[in-house]
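First up is the structure itself, then whatever we jot down about it.
Lettered A, B, C and D in written order, each chain numbered from 1.
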Amino acid sequence: MPMVELTESPIDPRVVEAAVARPEAGAICTFLGVVRNSNLGRDVGHLEYEAFPEMAMPSMVRIAEVVAERWPGARAAIVHRTGRLEIGEASVVIAVSSPHRAEAFEACRWAIDTLKTAVPIWKKEIWADGEAWIEGVPAGPIEVPD
Amino acid sequence: MPMVELTESPIDPRVVEAAVARPEAGAICTFLGVVRNSNLGRDVGHLEYEAFPEMAMPSMVRIAEVVAERWPGARAAIVHRTGRLEIGEASVVIAVSSPHRAEAFEACRWAIDTLKTAVPIWKKEIWADGEAWIEGVPAGPIEVPD
Amino acid sequence: MTVQIRLFAMFRETAGADRLEAPADAADTVNELWAWLVARHPELDRHVPAAAVNAQWARMDARVADGDEVAFLPPVSGG
Amino acid sequence: MTVQIRLFAMFRETAGADRLEAPADAADTVNELWAWLVARHPELDRHVPAAAVNAQWARMDARVADGDEVAFLPPVSGG
């Protein structure tokens, strides 16, 4: 079973990386999504993430499964944070291991791109003078890449 | 100054990641090159890495500089291990931060590809029944990507 | 004899509730259930939801049955 | 009046030394210095080195001067 989690606690990227380490994997690509201090020209105070856990969890599991199916020898681990996040904290950590580096980069990139468009999670930006939910893309089932 | 190191001690990827974290960086892509238990069909016992430090250091610094020049807002940190490495240990860790994820992935990929072809470092594989230096590619000056 | 509605993020805050109950005869389809919801929370009218029935992605013309849980999802923005 | 030679990895092990000293009149160019080295360590003959003079990349036809340090580098395999 791949390591897939939603958590309200800070994510330790080492733990995510360790979940995909294997003696036959020569490459690990790890992506951290980090809360930035500004977006679209506005200063961000903090973020709040909300998930629909009953769908977000199977959706992230599916992403990890597709990585293992589509990229031979690859393994993915995905942890997404929910609740209040401060500037500089990781909202998501995805680690992908594979025998060689090309697959690790490619699968990790596909996993974060897909997570952002297919997993029922939402972020709200809180500024000094207001707040807004960020409207991303209409979500739907995950499509297996060619 | 970018964090660039040659070290005989185990590399802590989180230290490398932390070296590129900044409030304006929303993405960090970290690559770990890990010693595999086999290569080209042979079981590997351990590896030994050797560097020409007086050239390897400026060469890695140049890679980090090119990342910052070529990908606006990107920062790179590079640590390469030398000496004896066991299966599962990281031989190299490269972390790249940038405002958005596309640049972090792209620059990190360029950095490891370039390190493997341009930095004067060599690895020897030690098997149960022998050993051999791995012949890679003729090295030369780093070329700035388009 | 009811259908459960679940709302998240912007929809949850707009409607002021994360769960609502609709009578089972309020709607035959997901789309009709959305219309039922919009009638009670007109501020939702400008939005286009994705939908899930019992935590499975569903089209807006999918049928809704007694006891179903229907989730309306704003465009996602995780990561 | 000498030129320092530095060898790494396979070249170092083949020659059995990481540093050698050549008389300054042994070679006018990097290429001639490599030939001088191969004459003493014929096992190196099958290899094609990259070269650096005073830790800067250099072509094989670069000139070598008294006091220079010339490194001969096997194909790299770091990472």
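The working rule: contacts are C-beta pairs under 8 Å (C-beta built on N, C-alpha and C of every residue); 3 or more make two chains touch, one makes a residue touch a chain.
Keep in mind that this is a model prediction, so the values were computed, not measured.
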item: Required minimum of steps from chain B to chain C, each step between chains that touch; value: 2
item: Distance-maximising chain from chain A - centres being C-alpha averages; value: D
item: Distance between chain centroids, defined by C-alpha means - chain A, chain D (Å); value: 49
item: Intercentroid distance (Cα basis), chain B paired with chain A, Å; value: 24
item: Residues of chain B whose C-beta touches two or more other chains; value: 33, 112
item: All touching chain pairs, where touch follows the definition stated at the start; value: A-B, A-C, B-D
item: In the complex, chain B residues that touch chain A; value: 13-14, 17, 21, 23-38, 87-88, 97, 99, 101, 104-105, 108-109, 112
item: Complex contact set, residues of chain C against chain A; value: 6, 8-10, 12-13, 48, 50, 52, 55, 57, 71, 73-79
item: Complex contacts: residues of chain B adjacent to chain D; value: 33, 49-52, 54-56, 58, 80, 91-92, 112, 115-124, 133-141
